[in-house]
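Presented sequentially are two complexes of chain A, the first with chain B as partner and the second with chain C.
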Partner chain A sequence: MKFSRKTLGIPYALFLLLFVVIPLIVLFYYAFTNGQGQFTLKNLIGFFTDPNTLGTLFYSLLIAICTTLVCLLIAYPVAYILATSKLKKKAVIIMLFVMPMWINFSLRITALKEILTLIEGNLAYHPFLNSVIGMTYDFLPFMILPIYNTIAKLDPFLIEAARDLGADERKAFLHVTLPLSVPGIVSGISMVFLPAMTNYVVLDMLYNSTYIMGSLIGSYFSAYNWHGGSMIALVLLGIICVFTLLMGGQNEEDARTGGAVL
Partner chain B sequence: METAHENIIELKHISKIFDDGFSLLDFNLEVKRGEFVTILGPSGCGKTTTLRMIAGFDLPTEGDILLNGKDISQLPPNMRPVNTVFQRYALFPHMNIFDNIAFGLKQKKMAKDEIRKKVKKVLELVDLEGFEKRSISTLSGGQQQRVAIARALVNEPEILLLDEPLGALDLKMRKEMQIELKAMHDELGITFIYVTHDQEEALTMSDKIVVMSKGKIQQIGTPEDIYNEPQNAFVADFIGESNIFNGIMTGPMKARFAGGQFQCVDDVPEGTQITAVIRPEDITITTPAEGQIRGRVSSVIFKGMHYEITVQSGRYEVVIQSTRSATVGDLVGMTVEPDGIHIMIAEDHTNVFPVDMNRDHKLEFNGKKLRTSLTQLIKGTRRNEDNMLVNENGEVLDPEKIHIIAAIEPMDIRMTDDVDAEDVLIEGTISNLIYKGDHYSYVINTELGQDFIVDDEYLWNLGDQIGLILPIEKIRFSLKK
Partner chain C sequence: MKKVIRPLVPILTLLFLYAPILILAFYSFTDATQIGSIRGFTLKNYVTLFTTEELRDMIVGTLLLALGSAILATILGTLGAIGSFYSRKRTASAITTVNQIPVINADVVTGFSICILLVVVFGISKDTYIPLIIGHVTLSAPFVYLSVVPKLKQMDSSLYEAALDLGATPRVALFRVIIPQILSGVISGFSLAVTLSLDDYFIATYTKPATFDTISTYVVNATKGSQTSIKTALWALSTVIFLIVILIVLGMNLKGRKDGKEGAR
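Up next, the complex of A and B:
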C-alpha cells in the first residue's frame, strides 16, 4: 500500500466514527423509537408537552444566562484592565485568575460551599443564587482569557486614531475597543453558556435539588428510560447547534484574525 | 483668522524624558502656516516622539506647544485641531471605508447629508471614488494609505501629521504617493508635518527639513541648505553621500586636508581645526599632474546615472561620482572647485566623564580602579598611615565631596571584541559611525548611559558589543570645585 498524507488521517477518522458518529446515530435511534424499537415522535412531543422537562429547560437557561451575564460583567473589566495596564507583573495576575483551574473542581466547590455556609448559615435558603455563584466561580477563567487575548492583541494605534479623530476616551472605547473585542466576548460566552446549561454537579454539591438539563438526562438514564433521555440530549444538541450557528459569523471572523479561542 | 500668528505651531523648550532613559531636551521648532515641514532622522532620534507630542499622544515633561499662539501642550488628542496619518494606517477593521472616513465627522455631530458629501469629496481627492462600501481588508496597501489620508483630511485639520506614512509601500508606489502628497499639500494649503528616515523623501517633498539625531535638532533649513551647507558631520553624512575629512585652516580661505591644499570659500581663521565635506559629484578626476591630490583607483561601480569611483589617496579614501569611468589601478589626480568644499569648524569630540573616589580613596570608574596619583591631583593632600587622603590640616577627605572629571581624546581609546579582557574599562554598543576619509568615528553607548566617541581606522559594525580600553596615561584628570 502506498503511504500518503491521507493515511495519517485514518486514526482520526476512526476515532470520529467510533466516538462521535456512531454515538450520534445511536442517540437518534433511541430518541425516535419506543421500547419495541418502532419509530415514534412521542418522545419529541413528550418533551415539549411535559411541564417538568420544559420547566427544567427554562431553569437551565435561566441559570446559564445569569451565570454568563455575571461572568461577563466581572470578566470584561478585569480583562480590559489587565490588557491595557502597563503593570510589570501582569503575567502573575493572569496566573492568579487561571490557577483555580489547576485545582480539582470538586475540591474548589467544596471550599466554596464552606464559605457560603459561613456567610448564609444554611445553603438551602438561596439555592439559585448559590448555583450561579458556584458556576461563575467555576467558569470565570474561561470568560476572562479569551476577552483578555482579544483586547491585548488590539492595535493600540486604533485607539490613538480614534482619539486623534476627536473621540474622547469613552467614545473611543465604545466605538473601537468594545466592537473589536466582540470575538473574545463570543468565545467567552460559548465557553460559559453551554457548560452552564448542563453542569449539574455544581448544583448537587451546593444542595440545589432543582434539575437542570444535565441532571434531567442523568435521571432518565438511571431510570432506564433511554428513549426519553436520548430525546432530551438531542433537544439540547439542537439548542447548542442553533446557538453556535447564531454566533457562527463572529467565530469565522475570529478564526481569520488569529482567534480569541484558547 | 488672526494674522498675528504667522507660525501656526511653535514648540518652545520642549523636553520629554522617558522611563527608559531616552530624552528629548530643549527642543525648539517653528512651523509657518501652510508649510511642508519634514522631521528627518535615523530611527530612535526622537522624531516620532515630537510628532506624538504635537498630536497629544505624549505629553511633554516641560515646555509649551503653541498652536496659533495658544498653549495646547496639555490638551488631550481629541481637543486638538490636528490629525494624524499613522505609519501602519490604523484603519478601523470593523468599519467600511465610508465609516472609517466619517468617524471624525460623526464625533463632531455633523448632519448626515453633509458627512456624505464630504466623504465623497475626499474620496475623489485620494482617487478612490465609489469605494464607500468596500471593507478595509479588500484594499491594497496603497489604497489603505489613501483611506488613512482621506480619514485625516476630511476633518480639515489645521495641521496634518504624517508618521512615516509611506514606509510600508514598495518603491514605485512610494514615489507615486510622494508626488501625490506634495500635490495635495499644494492644493489644500494645509500645514503638513511629515516624519521620515528617508532623506530622499525629505529632500523631494519638503519646504523645510528638520534633521534630528539623539533627541536634538542638528539643523533646520530648506532642502538645498541642508544638502549644500550641512552644519555638522552628522548632517553631511546622513543627507546624501559625502567625503568627510578632518583638517586645519592654513590661510585665508585655504585649508589642508586629505593630504592636499585646497582653496575654499568659507572664511575660517587660520589654525582652526576643521571638518571638510565634499559631495562625491563635486570631485573631478584629472591627470595626476593636474590634481590637487593624487591616488590610485581602487574600485569602479556603475550606478546607472553615473560611476561611483573610489580612489585611495595615501591613507584617505575618496569617493567620486562621475559620468566618465576610470580604470582600477590607475594613478589619477583629483581637483575640487572652491565652492564644492564645505568647511565646518570641527566639533570638540573629547570624551569627558565623571569618575568616583571610592571609600579606599582610590579612583574608580565602572567599578574598576584607575591607577593615578590622587595626591598630585588634589593639591595639598597626602596619604596618612591608613593610606587615606588627608588635607593640610590632617582631616580625612570625604569621597562624596570630591568630584573628579576625566577627559580622553577619541583617537586614544581602543576598542576590543574581548569584552572580558582585564584592561577593558567599560563595555558598550556601537550606535553610530561616520567615515572620515582615513578613519571611522564611532559613538559607543555604554551601560552607564555615558556615550564615548572613539576614532578607529578599522570598520566595526553598528550594534557590535565591544570593550573600551582607555590607556591611563592618556586620560587627563581634573578636580571639579
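Up next, the complex of A and C:
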C-alpha cells in the first residue's frame, strides 16, 4: 500500500471501532437478552419497576446534585477572585489548585477519611454528608479550572464599559461577567456531575454503604451477572447522553487537558 | 472588610485541599496508627513501604502499566490525529465523534463494557493483562488525540508541501516536519495518558488479573482491611507521591522560566 498521511489513521480508527463502538453494541445485546440468549425486556422493566434500583437512581442524582452545587459555590468565588486579582504569579497559584489532581485519588480520600474520622469520631453518623465532602474534595479542581479559564479570558474592557455606562460593581458582575462565564460553569458541571453519580469508591472508602449507580454495576460484576450489569450501564449511558445534550455538547476535555497543559 | 475576605476564599479552599495530605504526611513520620495520637517519631512506615515485597510489586506494576499503556496510547492517538486531520471531512468527524465517547463516558461503563467484550465474549483471560492494557489505552488514547489535533491545526500546512518539493519522501517529511511541529501536543498527551492511568480505579478493577493490583485498587482494598502496618505505610506512599508531584511542578516551572528568558533574548 502506498504511504500516505491518511493511512496513518487506520490503526486508531480500527482501535476505536473494536474497543469503543463494539463494546457498546455488546452492552446493548446483553442488556436485552437473558442467560439463554433470548430477547427480553425483563432487565429494562425490572430496573424501572424495582423500588431498590429506582431508589439508587434517586440517591445518585441527589449526591451528584449536592456535590455539583457545593463545588460550584466554592469554585466560582475562588476562580473569580483569582482571575480578577492583580497578583503577578497567577499561573503558580492556579497550579496549586491543580496539583492535588496528580496525587492518586484513593490516597487523597484516605487522607480525608483520617481527618473526618478525627473530627466526627465515627464516620457512620453522617454518611451522606461525608460522601458529598469526599466527592467535593476529589472533584473541586475540575470545577475551578474551566471557570477560571473562562473568566481570565474575558475582555476587561467589557467591565470597564459597563462601569462607564453607569453600572455599579454588582450590576456589572451580574449582567456582564456572570453571563459570559456560563461556558466555564457548564463545562465544570459536566466534569463533576457524572463522576459524582458513578464514583462509588468514594462512598465505599468513607463507609457509606448506600448504593449509587456505579455500585450497582460493581455488584452485578461481582455476581457475574452480565445482563443485569449491562442494563445499568445502558441506563447510565442514557443519562450521560441526555446530560451531554442538555449541556450543549460542551467539551469536557478542556478541563481535563487543561490540567496537564498548565 | 472586603479586602480581608477576598484573599481568604482561595486560601481557605487551598487549606481544604492540602490540609488532609499535609497532616497525613506529618503523621507518616510518627508511630501513630491513627491521626491525633503520637508517641514518637520514626521512619518505620518508609522502611515498610520500600521493603515489603507486596507494596513494591504494586508500585512497580502501576508504573509499568502507566508507562506501557501511555506509550501505546500516544502512538495510536498521535497517528490517529494525523490520519484523521488529513482525511476527508466525513471520516475525520466520524473519528472525532467516536473519540469523544470514552472522554464523556463514565469510567465504570467503559471498564464494564470492555470487560464484557474481551473477557465474556472473546474469552480472553484477564491473567494475560491484555484486557487491562487495552482498557487503559482506550481510556487515554482519546485524550492524546485531543491534545494533538489543535497542534495540527496551528501548523503551517505549506511546510509539509515544501519538504516534498525539496525531495523528501512522505515518510521522511512526516518524521522530520510534522512530528517536530506537533511534539508539544504529543508530549502533553503522553503525560496526560500517564496521569489518567495512574489515577484509574474502575477500568483496572474490571479488567485486571486477580493477583495484580494498581495503587488505586490496592489502597481501596487496604482501607477495607485492618492491617495497620500496611495502612500507615500507605500514608508514607501518599507523602512520597506528594513530594514527587511538587518536584515535577518545580522542575517544570524552573524550566519554563529558563525557556522564557532564552526566548526573550
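Going forward, the second predicted complex is superposed on the first by the 247 of 262 C-alpha atoms of A that agree within 3 Å, B and C clash if a C-alpha of one lies under 4 Å from a C-alpha of the other, contacts with A are read in each partner's own complex, and residues count from 1 in each chain.
Everything below uses one rule, namely that contacts are C-beta pairs under 8 Å (C-beta built on N, C-alpha and C of every residue); 3 or more make two chains touch, one makes a residue touch a chain.
Bear in mind that the values here come from a model prediction, so they are computed numbers and not experimental data.
With both structures placed on the common chain, the touch criterion links A:6 to chain C but leaves chain B unconnected.
In the superposition on chain A, contact of A:175 is made with chain B only, not with chain C. In the superposition on chain A, contact is made by A:108 with chain C only, not with chain B. Of the two partner chains, neither chain B nor chain C is touched by A:153. For chain A, the partner that touches more of its residues is C, with chain B and chain C as the two candidates. Of the two partner chains placed by superposition, A:126 touches none, neither chain B nor chain C.
Contacts of A:166 after superposition on the shared chain: chain B is touched, whereas chain C is not.
In the superposition on chain A, A:195 makes contact with chain C only, not with chain B.
Overlap of the chain B and chain C interfaces on chain A comprises residues 257.
Per the touch definition, chain A reaches chain C in the complex via residues 3-13, 15-17, 19-24, 26-27, 30, 74, 77-78, 81-82, 85, 92-93, 95-97, 99-108, 110-115, 117-118, 137, 140-141, 144, 190, 194-195, 197-198, 200-201, 204-205, 214, 217-218, 221, 226, 229-230, 233, 236-237, 240, 244, 252-253, 256-257, 259-261. By the touch rule above, chain A contacts chain B in their complex via residues 155, 157-158, 160-169, 171, 175-176, 179-180, 257. By the touch criterion given at the top, residues 6-7, 9-10, 13-14, 16-21, 23-24, 27, 34-36, 76-77, 79-87, 91, 95, 98-99, 101-110, 112-117, 120-121, 134, 137-138, 141, 143, 145-147, 169-171, 174, 178, 188, 191-192, 195, 198-199, 201-202, 205-206, 215-216, 219-220, 223-224, 234-235, 237-238, 241-242, 245-246, 248-249, 253 of chain C touch chain A in their complex.
Taken in their complex, chain B has these residues touching chain A: 55-57, 76-78, 82-84, 86-88, 90-94, 103-104, 107-108, 151-152, 155.
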